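To keep things simple, chains are lettered A, B, C and D as they appear, and every chain counts its residues starting from 1.
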């Protein structure tokens, strides 16, 4: 068993959903129950695989790739089938494995129009393969393939099962992401050719870049390409406009998967690929990433304040929250990136949960217009309290998961990584702290309008408005439990990620900026970062 | 121009004259090919276009021989000029009158196509000039039909089989599609 | 370019910074975390099983808080013993001086065993000289990131033990009181669940070992406050008030986030092998020893002050507190009078090293904290005059008293401030619960229209309310007198008969304190008159409340009488030495994490003068209400609210001049027209208007502006510019060939053209990059 | 001889072929242009074969010729079908894929 998991675990986990898809293709469309069971069984099997992997995972070596497989895949371009799992990807993989079966359970009895569970569930399973594969891939070509695999099912999910304006939204989503990934691919190729790497495997590329070097200009351009590719997915201001439309139009389950996992592909790309491979370009770009992140935080919050649609509001809040994640990443510190991963998991759980609730509210009230809602706590008290809990978690209340993504990110911005302008980041810190106030503002406002007060007349006597149903309980309970558990004991995540983040960060970024001397910088091979730091010295000296 | 070189008993690599001769030949063939190709895509008469195509194809057969790939050159003549162009002519005959002799090209479409093709040419040319600006052809000897045959039936046997199946499938497909019923 | 002291803990027994804490001590002290754990468990219990319990979960909450109270008392006793008799090993902090941009010089200095300890910033000492006043600290790792252990644990010293006692006691009494007061409420169970959660959070806050834990608990009490203020969320004003409270607090929390962050990294910069530390003891010790730059401390202290201003209702972030009275009265007593609102004061007291150094409390004659406290205390007291709502009177009074505490901390009178916190908790809780008792009987909080003459119908409430009022006003020998007097002495501004010493001469603060003392006495007199004297103006039959309400009132009233005796001033000749300054002895730390402050000496002259001031204020109000208004009311045969010359009438200048000529008693005018009327009329009104319109208005305006700018950003920028740019680019590209649809013309050739063009462009980009 | 002269010739033919594919409305002509493109590819393949002194390029050229033949067969069949059905082989009129 142990050997099996070691050698085949990741491959089986990744492609198990495809096996499920194959089985479902053979089942006639009319047998809906069977389809649901097959899809659920598949996703649960994947989750079981995840648990088996978890039991075999060596938590003392989170910094190393475990269960790694590395076979030659496409010989001509030196691309490998390289998969591996470390502390950075483990939380996100597990999150994916959790979200998918719960989504299937949630949609059990209410598939969005035009029904057709077979196609819908097949898309979800294909999505799962893509998402898990992206988090596990260690080869850039493989990563790109999985990254793109995710795109199509989501496009169809929005375009077929979406709301009234689904064509526009799905096309926007598709074009935006495709544009980004095209640039990303070009960057990958350029990186491969310019670094003279032996293969597309990540570790080879990192080694090649650090030993052969790469010209500053080329590094900047390549990073810019990746930045666009990942940044659109995140989404960072100003590439975020696809998000509110996609979220608003997508079916509930689509929104949940989009928020919980898909957005993380972008941030994951930053910490897995862009920063480790090109640390020096990252240092030069980081202030700009930080700036966009902070703008995103404030801008997302302001956008939220202007919304009247609940789902759109939650979508805008994603922009703000992912801003915190990106702020953490842009500090290029172990601390900040840990915070970012925590933020990703927390945002996945919390915003996913909020979209679930929005979906359930829509199902009961047939509207998400905040002005028409009200008194949810009276008509569906349990749902109201769950909503309240999620709102609190989302605004970063300590003791719930959201706080551990926000606060450490703010904290890390006080002392950004080596070579970054300290004063600038401290300004970012203060502004992002302001963002927490605004977050409380729009979220509580939403809570007040939707949950407090008394129900509006049009819904007061509506018998279809019921409290949380059994399927909803089953699919929500794990989310809620995790939100609380991570909030109380954040080490659940930090313990896993810390080693991996430490290992992935270039040594140059690890040393305290103010303590690096020219000789040390030379010895570590990071003279350029040191020089950058020298430029910023004036700022730092003022502190 | 290995056939020529062998005929006159010269070593193609050492003889400066041969190289000069080859270059002159290449220049002539290239000019003719480019002119014919341009005419082919611009002429209004479809039959003329097909004939221009014949010239281009023949030119490229000559280029192949110039490059020492005799078998490919011969195959080119046999298959393209012998079979494909005839097929085209039949096609033209059968569909004649659909657009008449002429077709009115839309200026807008032509402009766009020009832009794309021009851009493509510039990018490709730029890349080529950048990359292979001083690569010389140093073929030691022309390839023989025997080596080509060996290679096809040993190293490339599977692609060969695949091509065979493809041809069969295309044959049947063409019949199915074009059948009258 | 700061080169700090070079202190290396090569062998920890020899050097390092003494922190004043120990990991030893009595079991109860080391395990004080059990106290917050109990209400936390009861929160879960009530949440999941409360509705199925016979008493709807109230019994679980009371049991948990009751046991917690017993534990707190036992812990307190253990501390008394520990404080005098414990001689254990003191923890030392290894500090490395880091030269800015210098080499990481400590690398070669330590051996492996030290590294292990240094990772957490501490190193256990060997046999260092024992100290007799060591706080007990016990921590476990919470999480680690970047090799830094973030711990969670307890820091038990006199301050936290005192807070444990106060919180558990008031919480227990409020629990009992609530079973009657909110009995039959539709969210009875939720109410008790949140009371439990609040107790747990507040208790966690007071034993916090580090600033992060403090921050977590700080926000949690905030959210409990939010939930309890909005307890009756069906009515919009209630949920509005809850929102306002939460948001105002969030503004302050921003300061807390930033302040904690600054301290974390500042402390980290002087510790070897780690880049940050949240530890409160370490932060204070490092600050006390001058290892941190003054700028960093000043900025951190200022940021933290913002948090204090919001949480503890200091001017100008205080406006949420009166609104918060929308919650149930017991909640107001527990959260918005006795415990949560003093969290800010507690935090200052906890991180006093930072504030003392950062704001230069020891040296200057005026500083931010003292000024904020002073203004708040005046603003609160003056506003309390014009309220009709009895709870709002008490709310403004709370603001004023909190200002008193902050003022005291600002002038360096640490013990006095903490002692005032202690006494205030009892008498203010007593007053709030008393007002709740009255309101429970008349179903209203409006003093003018629904109360009056309640002393006959509600004798117990009346007596306890009077006791609480006297204690609040600060008349000897009740609790408020002693603590207030200490604060006034602590300002050091008293120059007669040798003065009082202290940390500087804060004369301005003394004056502010004096004025507030007079005002406090006056508005409480008004409040007592309107509530308990005169004719009953409400409706229905009024009865005394039940035993579950009266018993807590008497307990608190009893404490309001005797609490002051815990800290009789030094040199108070009427009692033996061993009874003097007991509170200060046990509560004030004498340890590495506490700054060296100079103590004021009590002054008989000051005490007498301040008492006279209080009596003056009280009698002025007494004269106006009990004599003037009463007579006028009797003469006209009308009730108080209908009097033409009622307390709500303003007194413009012309009218006053006319009155001086017309009326015979100059004193009359002095009291009514100028002192009472002037304060109560234009001045208070102006202050209130300022409060309501300028400050509150600003808050509203800011909110409105935020929404408007949000609207603007969304409509104009997001939808038009950013989104528009995207849409326009699509439109532009299509306009070359017609419309956007034309790209999807279905024509193979256009598709092919796009394909080729795209491939070419991408190839071109690739070529250019490579 | 330089490698580039062949490659450039091939590139030019390729571009001309692309122009033909994009600009011409006659289906047969489009097919012929595609042949041009394939031919350019062949020249490329054979040139590299000569450059690297390997046989693979030539073999591939042969394969391409075979595929081209198949493609023309099917393509012409489709055009005939179109012609029969619509009496017209103007590709610009065929927009069944219009979105």
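Operating definition for what follows: contacts are C-beta pairs under 8 Å (C-beta built on N, C-alpha and C of every residue); 3 or more make two chains touch, one makes a residue touch a chain.
All values reported here derive from a predicted model rather than from experimental measurement.
By CA centroid distance, what chain is farthest from chain B?
C
Does B-C or B-D have the larger number of C-beta pairs in contact?
By number of C-beta pairs in contact, B-D is the larger.
When the C-alpha atoms of chain B and chain C are each averaged to a single point, how far apart are the two points in Å?
Once rounded, the distance between the two centres reads 87 Å.
Report, in whole Å, the distance between the mean C-alpha point of chain B and the mean C-alpha point of chain D.
9
Approximately how many whole Å separate the CA-defined centres of chain A and chain C?
Computed from C-alpha means, the inter-chain centre distance equals 38 Å.
What is the distance, in whole Å, between the centres of chain C and chain D, each centre taken as the mean of its C-alpha atoms?
Using C-alpha averages as centres, the distance is 81 Å.
Which residues does chain A have that touch at least 2 chains other than itself?
Within chain A, no residue contacts more than one other chain.
Where does chain C touch two or more other chains at once, residue-wise?
Within chain C, residues 749, 753, 756 contact more than one other chain.
Multi-chain contacts only, two chains or more: what residues does chain D have there?
18, 22-23, 92
By the touch definition up top, name every chain pair that qualifies.
In this structure, the chains touch in these pairs: A-C, B-C, B-D, C-D.
Give the list of chain C residues in touch with chain A in this complex.
1, 98, 100-104, 141-148, 215-217, 219-220, 223, 226, 230, 233-234, 236, 239-240, 243, 246-247, 250-251, 253-254, 257-258, 260-262, 264-265, 275-276, 703, 706-707, 709-715, 718, 722-723, 726, 762, 765-766, 769-770
Along chain B, where are the residues that touch chain C in the complex?
Interface residues on chain B, with respect to chain C: 108-109, 112-113, 115-117, 119-120, 123-124, 126-127, 130.
Write out the stretch or stretches of chain D touching chain C in their complex.
Touching chain C from chain D are residues 18, 21-23, 30, 91-92, 94-99.
Contact residues on chain A for chain C in the complex?
172, 176, 182, 186-187, 189-190, 193-194, 218, 221-222, 225, 238, 241, 299, 301-307, 333-335, 338-339, 375, 377-378, 392, 397-399, 403, 407-408, 410-411, 414-415, 429-430, 433-434, 436-438, 440-441, 444-445, 448, 451-454, 489-491, 494-495, 498, 502, 512, 514-515, 517, 520, 537, 541
Show which residues of chain C lie in contact with chain B when the two form their complex.
Listed in rising order, the residues of chain C that touch chain B are 736-737, 749, 753, 756-757, 760-761, 763-764, 767.
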